[in-house]
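Next come two complexes built around subunit A: one with subunit B, the other with subunit C.
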Partner chain A sequence: MAQRNTDSLGYKFQLFMKNKLALVGLLILVLISILVFFGPSLSSYDAFSVDFSVKLRAPSSTHLFGTDNYGRDLMSRIFSGARYTLLAAVVSVVIGLTFGAPLGLISGYFGRKVDLIIMRIVDILLAFPPLILAMAIVSGLGPSLVNAAVAIGISYIPIFARMARSRAIHVKRMDYVESAIALGSSRVRIILTDVLPNSMTPLIVQATVYTGYGILWVASLSFIGLGAKLPIPEWGLMIAEGRKYIISGEWWLTVFPGLFIMLGVTGFTLIGDGIREVTNPKLRLK
Partner chain B sequence: MKEVLLEIRNLQTHFKTDEGEARAVNGVDLKVPKGETLGLVGESGCGKSVTALSIMRLVPEPPGRIIGGEIIFDGQDILKLREAEMRRMRGNTLSMIFQEPMTAMNPVYRIGSQMAEVIQLHQKVSKKEAMDRALDMLHKVGIPDPKQRLREYPHQISGGMRQRVLIAMALSSHPKMVIADEPTTALDVTIQAQILDLMNQLKEEMGTSNLLITHDLGVIFEMAQWVAVMYAGKIVEYAAVSDLFSQPLHPYTTGLMNSIPQIDQPVPKDKMLRSIPGMVPSLFDLLEGCTFQDRCNHVFDRCRREEPGLADLGSGHMVRCWLHG
Partner chain C sequence: MMILGPAHASPENIATMRELMGLDHSIPVQFIHYMGQLLKGDLGYSYHAGSPVSQELLRRFPATFELTTFAFVLMVLCSLPLGVVSGYYRNKTPDNVISVFTVMGLSMPTFWFGLLLIYIFFYKLGLAPPPMGRLSPDVAFPPRVTGLLLVDTLLNGDLKAFLSAFHQLILPGVTLAFFNLAIIVRTLKADLIETLEEDYIRTARAMGIGVKKVLLRHAFRNALLPTVTMIGAIYGSLLGGAVLTEVVFSWPGVGMYAVQSIRYLDYAGLQGFIIFYVIIFALITLLVDISYRWIDPRVQLD
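Our next item is the complex of A and B:
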């Protein structure tokens, strides 16, 4: 048998595809991506057009997910809402990563006083439960979807900083770092060409998983009125709106948006785990 | 003796630990002549590697610190240079080869781009020229199919091959001096011989001076013109290789030589190699007098009272022992 190159991307992709759960995650992600890009055009109804003649209809062949209290088609609203929730989640991770990772790398690489100062600040931020911290920040900035994304992003900074720091501490002890210094690399160069690239894998895994959590948190903030504002069909906000009708029996108003939130979180978590497994041979042995 | 490229005077590098101050390098003096190889031998923990790191100014600080002494390289005291000046020197005029070729290359870049990066650090050339030079260097260190290797990642080549690449990298800016810290310890014997041959050949070709750190006297005999024997942070004997092997003077040196198994001589009657009795003294509270007193067969009163200096016995043969002082 021909020798396989176990480090090639192709082989890693094969491994990833062998992992059933990761595959499910990938499928979910593809589905959600389609919603993000083509959501509004996938359904024959407009997500914003009000029609009181069909208000609060149960799921049927004309309205698969039913309609809400304004007679808007729920499926169209969920499809159109995907982009708000998802983008907010992605933006928050991007913010967390772009500020958290460099802070952590600097902290871990330089150590000592720099590390002490950065990590104490990070510790203070970590002392708050992330959602509480995000709520506090949004209250300060004023409620809106953008501010919710920023607030979640800020609460992600210490999480990514911690992860990057632990990687930096690990990588800076590697022989190739010492060898690079001995061949004349500056510290900035070491961080950029040695420490950062060799810290990427866990950061990517973490970013994927936290995109999933981001969906949940964006929805949570919107649910309590600190995120998206009406009439944006953000999933969390839709649940908040539908809440009033649970007792009267209009379950579809909350169940379907909730299902999609769950789907999104599950998808990203599964993919994150899949990448972790592919990039860490030890996890593959079982 | 030829012109001296590197001269170390009374170098002291200490490490702060919980148990106190470890005097890893405690007054080292040595000279490396231009275009020649100095072998630095000694057992594990005697301060060889710390000496090398001190020359590169790579001693991890803290806990380490260069307390005193001078390292004159190419006419200037390295210890007085600013960090930026030192950085320009590393990999450029003063280069280093490490012990572990398996881990000394960044796993995420191709060999070509790693080599080109080092070249561009020190020479104002385009990426393409740097690549050409990298190719040239790979050719020089005898790597088959160098064009293909440039495109490969470190894990795709063997340990011996990697050490060749690292040597190519270290020599890519034509340094005046290369420090090799046990460059062949991690390789098997046949590859060792190849790498040593290569280093010798490159030294002749490019006129670099080498500081070769090893605990293998055989390697010193093959490679070096001069040899310094180190014990407990000090140089105890310094001589031309031929002098040292024909006439070892310090009891520690003779002890080292006696403990080498000889393939062409009968095994001693008791079937044991003659090892040096005792243990390396603690680096924390060094004894008064000679550091080797407790393990020495010739110890006498004076050794316990006073520390011998490095006495020059002519023709560059120096020894730190009262028997010869």
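Our next item is the complex of A and C:
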């Protein structure tokens, strides 16, 4: 054990595979990815074809998840909708990461005035309760799925910036950064070759977990009418459509899209936790 | 006018309307005007509600406040024991059961959970009242004193109305509390585990103090600090979640107002709501920051 290189990727991968919960997460992610790429072709019905003769049918052998108020097959709609919800969540994290991480790294590494200015801007963004900032941005840009993803991305910027900043401040004090300065590396070079790679893991963990939360936020915005537009089978919007029918007992319209949202969020959370445990020696010992 | 349809949108009507709404000025002028009015506490006029935005927000805020506070109390009452249990029985059955619930709570959309509760407790079991507002329709509203129905009905001495208000509050309260419950349980558990490994806990045990007493008197109180300081953020999350919960339960609060404003493209209403929320959130954060010092005298304010 002592001889083993615990930092090698192979070893970390082995650890990850030993973590049962992380494996479940990985399995869920594979399943969801299949839905994202092949969703519409996995079901025998078309997600948009209306057939009033079978409207509001309860789950049965012909329609496993039942049908909605237009007689559309719910399973096809959920499968086809995976790509809208998931892609919007991924886009929001990409935006949050590409703007937040550099801001945080620069802020943490340069310190002083730069830090002060960037962090005050971040504080302004953090002054909004979650969801409210996204609501404000979408209502300014106009409601659509793309704008919802952008809005969630913007509200993610301060979160990633703070994480990157704390890592940069930590890494800055390391000996190897000092030697790089002594060797005459420029600040930009140090940030790119030393600070960034050594800050990657927590950022990746955070990105994974926040992709999961992104699914929740996308669905929430669609639910209140600030996201996807009808007839897109986005999962949150499907719940909003099914809402009218819950008090008359047509539960399947709401329950199934919600289950898939839960599945997606759980998958990303478990993988995030798994990576965190594998890469953090402190947690590994416990 | 756009919403009422072309029949009402004659050129003259549009012109008077534009003048009324201030749309005949350029955008910078409109902005400066809005900011000027804002300083006087005027958030503009809400066209879909037919009343000034600030008035509408103040009228509705007690409903939101009652809901979030109820959820908050519920959440604290449930999460503290759960957090202690799962921290103490780490990786054993009670902890695992609680963990499954908290992970579920964190990955569930708030509005979906609310709809499930409506289906089970209203449609299936018939225990809950229909998800329509704050009082059942056959009960008269009490005279408005605080705007909080639980308080007003008691002041009015109307027990039936009080029970109805309470009845209406349960499902939305549970819905709102559930998501945030998970966050507190997880934080408290992590802090408790860390505290239990401290030297003074071992010392206390070595001195012969019972497990229960060490857990509650020594560990719990120290582990509570980080949890309490999270409360500001949690209340913000409750306010955000309240928007979704209000929509699901037709709760006539400020969140519902914001969503209606979105539907009617009523920007003054939505902007007013956002400014209002940010001010409340900032106030809460300020109070929490001040209370750091009170909770932990070691914290220095600079």
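In this section, the second predicted complex is superposed on the first by the 282 of 286 C-alpha atoms of A that agree within 3 Å, B and C clash if a C-alpha of one lies under 4 Å from a C-alpha of the other, contacts with A are read in each partner's own complex, and residues count from 1 in each chain.
Here is the rule we go by: a contact is a pair of C-beta atoms (placed from the backbone, for glycine too) under 8 Å apart; a residue touches a chain by one contact, two chains touch by 3 or more.
Just so it is clear, the structure is predicted and the values come from calculations on it, not from any experiment.
With subunit A as the common reference for superposition, the partners subunit B and subunit C occupy compatible, non-clashing space. When both complexes are overlaid on chain A, the residue A:Pro143 reaches subunit C alone and has no touch with subunit B.
Look at A:Pro129: by the touch rule set out above, it reaches subunit C but stays clear of subunit B.
Judged by the touch definition given at the top, the superposed model places A:Met174 against subunit B, while subunit C stays out of reach.
Judged by the touch definition given at the top, the superposed model places A:Thr193 against subunit B, while subunit C stays out of reach. Legend: residue contacts after superposition of the two complexes on their common chain; A:Leu9 is shown touching neither subunit B nor subunit C.
The larger set of touched subunit A residues comes from C, when the choice is between subunit B and subunit C.
When the two structures are aligned on the shared chain, A:Gly184 is found in touch with subunit B, with no touch to subunit C.
Distance between subunit B and subunit C in the overlay is 14 Å (nearest C-alpha pair, rounded to whole angstrom). Of all the residues in subunit A, the ones that touch subunit C in their complex are 127-132, 135-136, 139, 143, 212, 216, 219-220, 223-226, 236, 239, 242-243, 246-249, 251, 254-255, 257-258, 261-262, 265-266, 269.
Those residues of subunit A that touch subunit B in the shared complex are 7, 174-176, 178-186, 189, 193-194, 197-198.
Those residues of subunit C whose C-beta lies close enough to touch subunit A in the complex are 103-104, 106-112, 115-116, 118-119, 122-123, 130-131, 236-237, 239-241, 243-244, 247-248, 258-259, 262-263, 267, 270, 274, 277-278, 281-282, 285. Residue ranges on subunit B touching subunit A, taken from their complex, read 56, 58, 87-92, 95-96, 98, 100, 103-109, 117-118, 121-122, 153, 155, 166, 169-170.
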